[in-house]
Amino acid sequence: MNVTKLMKGNEALAEAAIRAGCDAYFGYPITPQSEVLEYLAREMPRHNRIVLQAESEVASINMVYGAAGAGFRAMTSSSSPGFSLMQEGISYLAGAELPCLLVNVNRAGPGLGTIQPGQGDYFQATKGGGHGDYRLIVLAPASVQEMADHVFLGFDLADQYRNPVVILSDGAIGQMMEKVTFKPYQKPTADKSWATTGKPASRKRNAISSLFIQPERMEQHNLKLTEKFNRIRESEIRFEEVNTNDADYLLVAYGLSARIAQKAMDLARAKGLRVGLLRPITLFPFPEKRLRELATQVQGMLTVELNSGQMVEDVRLAVEGRVPVAHYGRMGGMIFTPEEIERQLETFFEKAYAN
Amino acid sequence: MNVTKLMKGNEALAEAAIRAGCDAYFGYPITPQSEVLEYLAREMPRHNRIVLQAESEVASINMVYGAAGAGFRAMTSSSSPGFSLMQEGISYLAGAELPCLLVNVNRAGPGLGTIQPGQGDYFQATKGGGHGDYRLIVLAPASVQEMADHVFLGFDLADQYRNPVVILSDGAIGQMMEKVTFKPYQKPTADKSWATTGKPASRKRNAISSLFIQPERMEQHNLKLTEKFNRIRESEIRFEEVNTNDADYLLVAYGLSARIAQKAMDLARAKGLRVGLLRPITLFPFPEKRLRELATQVQGMLTVELNSGQMVEDVRLAVEGRVPVAHYGRMGGMIFTPEEIERQLETFFEKAYAN
Amino acid sequence: MEATPTPAVRKPRGRVEIDIQKCKGCELCTDACKKETLVLSDAINIKGYHYVIVNNDACNACLDCALVCPDAVITVYKLQKSKKVNITPPDIKEQLRAAATPKPVPV
Amino acid sequence: MEATPTPAVRKPRGRVEIDIQKCKGCELCTDACKKETLVLSDAINIKGYHYVIVNNDACNACLDCALVCPDAVITVYKLQKSKKVNITPPDIKEQLRAAATPKPVPV
Amino acid sequence: MKQLEELVIAGFGGQGVLSLGMTLAYAGMIDGKEISWMPSYGPEMRGGTANCITILSDTRISSPIISTFDSAIILNQPSMDKFAERVKPGGLLLYESGNIFKPSTRTDIQLMGIPATTEAVRLKNNKTMNMIMLGAYLQLRPVVKIESVMQALAEVLPEKYHHLLDLNRQALELGAISVEFQRELIQT
Amino acid sequence: MKQLEELVIAGFGGQGVLSLGMTLAYAGMIDGKEISWMPSYGPEMRGGTANCITILSDTRISSPIISTFDSAIILNQPSMDKFAERVKPGGLLLYESGNIFKPSTRTDIQLMGIPATTEAVRLKNNKTMNMIMLGAYLQLRPVVKIESVMQALAEVLPEKYHHLLDLNRQALELGAISVEFQRELIQT
Amino acid sequence: MQTDEPVTHACVPDDYDVAYHRPAALMDVNMHYCPGCAHSLVHKLLMEVVDELGIQDQTIGVAPVGCSVFAYEYMNIDMQEAAHGRACAVATAIKRLMPDKFVFTYQGDGDLAAIGIAETLHAINRGENILIVFMNNAVYGMTSGQMAPTTLPGMKTTTSPFGRDTKFYGAPMKIAELVAQLPGSSYVTRQVVNSPHGVRKTKQALLKAFDWQKQNAGTCLIEIIGNCPSNWRMTPLEASRFIDEEMVKSFPVGDIKTPDQPSLAPTPENL
Amino acid sequence: MQTDEPVTHACVPDDYDVAYHRPAALMDVNMHYCPGCAHSLVHKLLMEVVDELGIQDQTIGVAPVGCSVFAYEYMNIDMQEAAHGRACAVATAIKRLMPDKFVFTYQGDGDLAAIGIAETLHAINRGENILIVFMNNAVYGMTSGQMAPTTLPGMKTTTSPFGRDTKFYGAPMKIAELVAQLPGSSYVTRQVVNSPHGVRKTKQALLKAFDWQKQNAGTCLIEIIGNCPSNWRMTPLEASRFIDEEMVKSFPVGDIKTPDQPSLAPTPENL
């Protein structure tokens, strides 16, 4: 039975974790996402699940490793500086192919920065902030509903591919309240025969490790991972299109920015500019193919991001110079208004086609 | 007076640090770069400089913060997993605009991986493995000589721009021995009036911080940083070209890969293929403009990297689809031979022009 | 012992001055003062806090209020030894009351 | 006390067996054995280590060698209580010596 | 009822700014509307200023962050200074008159001050100030039903505070009455 | 002297593989050559196999990592199995005959076994084995001067080991003599 | 970020001497702390000590991430703002490079005892000649009241909504006692600031610590049991009482180790 | 990565009983350790205990980064390889999710006492019901002999080429004594394995620790003073002697805390 509630994004995410059968949550407080830990500290015990406030983000991520390696649905959440501390652990999780869910409620950096929303961690999430060749599946919710939905999706994808999944949200989506509907959910069965649950006489021992000291074996492992990432690229791209059918100009934005961009699109359309919006839902894999198609239709693209220009690189990589791709960003917790974006649209495209 | 020695890359780097007037080194052992700490533990005391084995890489990077914030030339070095642990600290250093030198002797990952050479940390170094919008100046030595030279260059650039500089080397360059010549060096005077050296009555207090709680001020700070990164993009691009004058095909490679690629180029030329090599020396800023120019001359580019394809994205961003750009990589500590690359060149360009 | 010729007003051993715009009305000083010299005003300052005012002239300059004031807003004065008896001091309480009247201030 | 009818050879209380390909020649066992039962051979195994062989039949099955062997390559046997006296056992030392002759092995 | 109401509520940290918006949002949900409630968060909330944007709509809400508003409920002077210019022409600016020395002088919007702090004293509970403002607002912009507000309060308040429900209803009503009183004042 | 010599030296960890290459590299530097010395590193060195690629050249060296070699000095069987096929036709494969049961059967290269371990026993110092091999190698490929090797050793060895310099010279010479002896053997 | 107008006193009454005034080294600004917060009080004490010793030009402070993150806006000395938990690493570097300066860290219990315990213990084990001012308010103040390693058994916080369960989270960590075990620590004491007496003692402790630092005695740690009225959901006065009635039971007040007297608490070594 | 052929015994002589054989739970493979290395010995003991208690199917181990990084190649049980220093965090999660299993970490001194001290202390402070097997060989073995927090005063390592200077790096950390201070620890002991007697005692300690874990007594930590002949630049026998003559001076052997007897070393609490 569906249940609809009015919730903060962070709380919806936490509630979804419980409904998705998350066995264990490990986390350390940090604004603007401490509600996740607080909600679960209150609610997990009555579901007989494990919730533990760790001594640091380094501990959290390694607890996730232990839990995931033992075959459980495990997650952690943090915000930018805390997420940076997890990079070694994330690389280990990817290397050992452990399914798990990681949440970064992005705030504005670098350094201690400010606690207001930001999207400056796009590169970190999508290109690998940790060392070595690995990819995370990156989901970018743009509403409280998606904060919940992506938890179910994230856990399922993690299990399916034996890979960590990141929900890259931001402070605004985490803190805002909207309606959220929880649908009944059936946890898919996942093969976890590799997990360390105690070795019965009937099977060989299981070892969770990312260590392959011989380069030959390490390369085999790397190739296996690469092959997996390619499979993900083929099968798991998700995005939303609004008004792209007749669009002459395309806005590309994710998360909070996409919500604001949509309003900007409305404003532009009201002025007669035929603007469409493509909102990547998965940031890795990125909707390259669709953007390449749209590059043959539109006259230019504008990415709006709460950073100095990160996703714009992926858009440019996708369109390969076929149309101009501009970036408009605000930083430091400042947020563009729909009007501001609309103005950018006008000036950018005027300039682009003046000469 | 010049001094020429036969040294390991790691040792040359350490010796250069002393000659560059490095006041303090903080580090934690990790293969394949422990020689840096060991060399300095032996040699720094007799120069009355500080060398301290920290309890972890997290401690190291924050010690560098303290030393750099007090106005000293400070550095640390590590290898991939250890460098991941430094990401939060690096973001803080960039945010607080502290000049310092960071060295990553890249090994193969992800996770614990293996200790053999790799180039899988390109993204981490160039796009920001830490949170928020910042850039590091990234130098990629391809010889023992450059392991030394980049230390002088790195410290100077760090001071000039008040920004952390990374030397992104790899296990092979770190472990190999070659001749290295040390030239006399004069440390340029840098304004360090912002450093925390104790507040005399004559000046206002100095505060080192990356915290700007008000978004308005944070954004100003972000814009200031962005402007700085743009200045660096304009002024500090460094690369080496070999045989590009008449090249029909271009190899793009850095560090160890560039050395091997150069031999592959020789092999290809011996077969009559007019191949050139562009070796980025700075990975950030990246020689985009030059590559864009060359894209109008050559018929295709091949990047060779010890990873699954990272720098190739920057090459593609530079050429914007003007010519096909392929990637050939080995991973996991496996290293391509010159012959292997030469074969790749042949098949890639055959394929590219067959259809 | 000397007899006092005219009945001069006793001057308090101590006097306190409060930087009312920085006072946060935590009442740690009022609690610490054994002489009940201090009391919270009804008015608020620009930060919206009820601030502390002087309630009586019993202050003996023991410093306790100043020591416990987290925001370091209390200055304590001590009567110079030679000036133990003197005319009535200007009414510091009234001074402070006047200063305490809230005025609109840009934030 | 019974007289022994035939002068049967005394059977040692204990006997040891060494997995010579895993022995690393650390000599911790030779040092631990109070009976000097064990000794390093001149030959090396496929890993390039001089390995341990049995020096004499004095073993009393005290286990010390096995306890201190880091690589767990020593098996110790103890004479069954009822079989205290018996014929000469097959020469385990010779057996081991034979097994110890290095042969080329692919690594 | 309007299709879309974009509202900002702003004041000091302790004035119940966020819960005012949240109550309205809940009531909106009960009335079957789309809602978005976006707080300003962070340490400034501690004694500093706080605000939240609440949007009620019959259709899907795109941007939860907006720069101009249909209505504003303003509880202190700094917020008045910050938000007064951002009310759309023809919009509503409702403010707590006891806390504001210098209201906006705009003439293209509906401006109304409510002495909610004083009124709250009549209810012997300072904390009801925000509910008085909500009552006043709903009197002017009936975007949700009062009954829905009451239901929302019942759901949001923990059981142990349910004895306060009646007080809140009184506050809402007092707010509505204040509006009528102000209207009369203006007319005369 | 040759323009370019690409050499691999391989054996067990304790056999002095790396220092053999390093000594040659030092001598090369003294002779004014370009040098690159690339070790295999890592925990396998601990008892496992070790190898290093040493390149000497009169011009700038491009790749320090190569897959085929002008010469190889091989000190154990696993290394023989690994590297024998990678010597260029016409190249030299010098091996320590006491440690190798199955030398390469290639006929397109110069193959020579030196009983350096046995010879080292004559010098009453096992550790000289690698220097004997170096002496043998230099007899066949005089890429650097013996005097430069001696000078290199003097620079590399800490003072307290300088009494061993003479022993090392003997080892180098013994290696050279061994080559001549083997040549005679082969000729006969 | 840098205002340092001198503190001015409006009207100095005749015939009176100033007996106490706001320390000159404390910036003349409003501190962002909640009413009654112990952080501000300890800032004030530190700056009194800096004034009295006349070492404003020789003192470098390191601020943590926590409610006292803005310490460098309030103390009129050179300061660095460290990453969460890493103040002792930052201070180590500063002190090693400038051994003649006075260096202190100022850290909360989340910062020092949770995420920063490694850097703290190792700095102390090395015997870095720094002072660690450790504000133990049993809670994560800045992030709105989550459980800290020092939260009392049974105490309710936003992440221990049913009270800290020691079976699940163990006992509150006694940092002062723990670090006193390390030979690198010199002067280790625990103090309160919820009474004039406590304030006086704490100031004495601070003075002593600076003195020991001058003598290169090793690391000094002053643990201060402070309040966090906002997150304890108490008035400042209630919080003061809570310290006397509850906190000091888990965290007994007094010197734990002084350099002349290696450790007042017997340890395995000094028995 | 997964070979587990049974251990076979070539020829069992008549009339003899097996008195000691390689534990069945130890994989029948060559371990990569240097000759005489204590790591292999302790692996063996751990697997003997697993065999004797019959808990191969109920035991999960966590390997560190250090020379024992390949422990999971040698112990025939389910294991996880943790990031450097984080074994206790990994083990915490495993144990909390499977409280009926036996969970242990196996860690070196660099891993546990340097980079991993935070995770270690906090797991112990929470009283996680796990066993920490702590191999203290006073050096970073795997990375070729750098100084560890436990390196003896004056001891030369590649990063203390002039000998560990305690003025600069402090005294060796006594982990067992330190963690015994935490109420969450239950059984804390220090043992050696350089003699048959030491080996027997260590095995007893391991057996006890598994027993306490069954009783949920809290965290057990067994510190083992092991050798690292390669990096001490000694033969294994010299290393054994060095342990007796030097190491045990800094690291006295014996039980430090047992659950029935809260702490054998008086602490401020139990005085």
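Chains here go by letter, A, B, C, D, E, F, G and H, matching the order in which they are written, and residues are numbered from 1 within each.
The rule is short, and it goes like this: a contact is a pair of C-beta atoms (placed from the backbone, for glycine too) under 8 Å apart; a residue touches a chain by one contact, two chains touch by 3 or more.
Quick caveat: nothing in here was measured; it's all calculated off a predicted structure.
Participant: Count of steps on the shortest touching-chain route from subunit A to subunit D?
Facilitator: 2
Participant: Could you tell me which two chains share the largest number of C-beta contact pairs?
Facilitator: After counting contacts between each pair of chains, the winner is A-B.
Participant: What's the distance between the Cα centroids of subunit B and subunit D, rounded to whole Å?
Facilitator: Once rounded, the distance between the two centres reads 58 Å.
Participant: Hey, how far is the Cα centre of subunit C from the one of subunit D, in Å?
Facilitator: Chain centres of subunit C and subunit D, defined by C-alpha means, are spaced 94 Å apart.
Participant: Go ahead and note the Å separation of the Cα centroids belonging to subunit A and subunit G.
Facilitator: 39
Participant: Measuring centre to centre with CA averages, how many angstrom lie between subunit D and subunit H?
Facilitator: Spacing between the chain centres: roughly 29 Å.
Participant: Would you mind listing the residues of subunit F that make contact with two or more other chains?
Facilitator: Correct list: 42-43, 47.
Participant: Can you pull out the residues of subunit B that are in contact with at least two other chains?
Facilitator: In subunit B, residues 31, 52, 55-56, 58, 81, 88, 92, 96, 111-112, 114-116, 209-211, 213 touch at least two other chains, as defined above.
Participant: Where in subunit G do residues touch two or more other chains at once?
Facilitator: In subunit G, the residues touching two or more other chains are 34, 69, 81, 83, 114-115, 117-118, 122, 142, 149, 168-169.
Participant: Can you tell me which positions in subunit C touch subunit G when the two form their complex?
Facilitator: By the definition above, subunit C touches subunit G via 11, 14-15, 17, 19, 21-22, 24-28, 31-32, 47, 49, 61-64, 66-80, 83, 86, 89-90, 92, 95.
Participant: Give every residue of subunit G touching subunit A within the complex, in rising order.
Facilitator: 65, 69, 81, 83-85, 110, 114-115, 117, 140, 142-144, 146-147, 149, 158-162, 168-169
Participant: Okay, in this complex, where on subunit H does subunit G touch?
Facilitator: 114-115, 117-118, 121-122, 125-127, 149, 166-171, 173-174, 177-178, 180-184, 256, 265-269, 271
Participant: Would you pull the subunit B residues touching subunit A in the complex into a rising list?
Facilitator: Residue list for subunit B touching subunit A: 58, 80-85, 87-88, 91-96, 106, 108-116, 118, 120-121, 123-124, 127-134, 209-223, 225-226, 229, 307-308, 310, 313, 316-317, 320-322, 330-334.
Participant: Which of the residues in subunit H come into contact with subunit A in the complex?
Facilitator: Interface residues on subunit H, with respect to subunit A: 1-4, 56-60, 62-63, 69-70, 72-73, 75-83, 86, 89-94, 96-98, 101, 118-119, 122.
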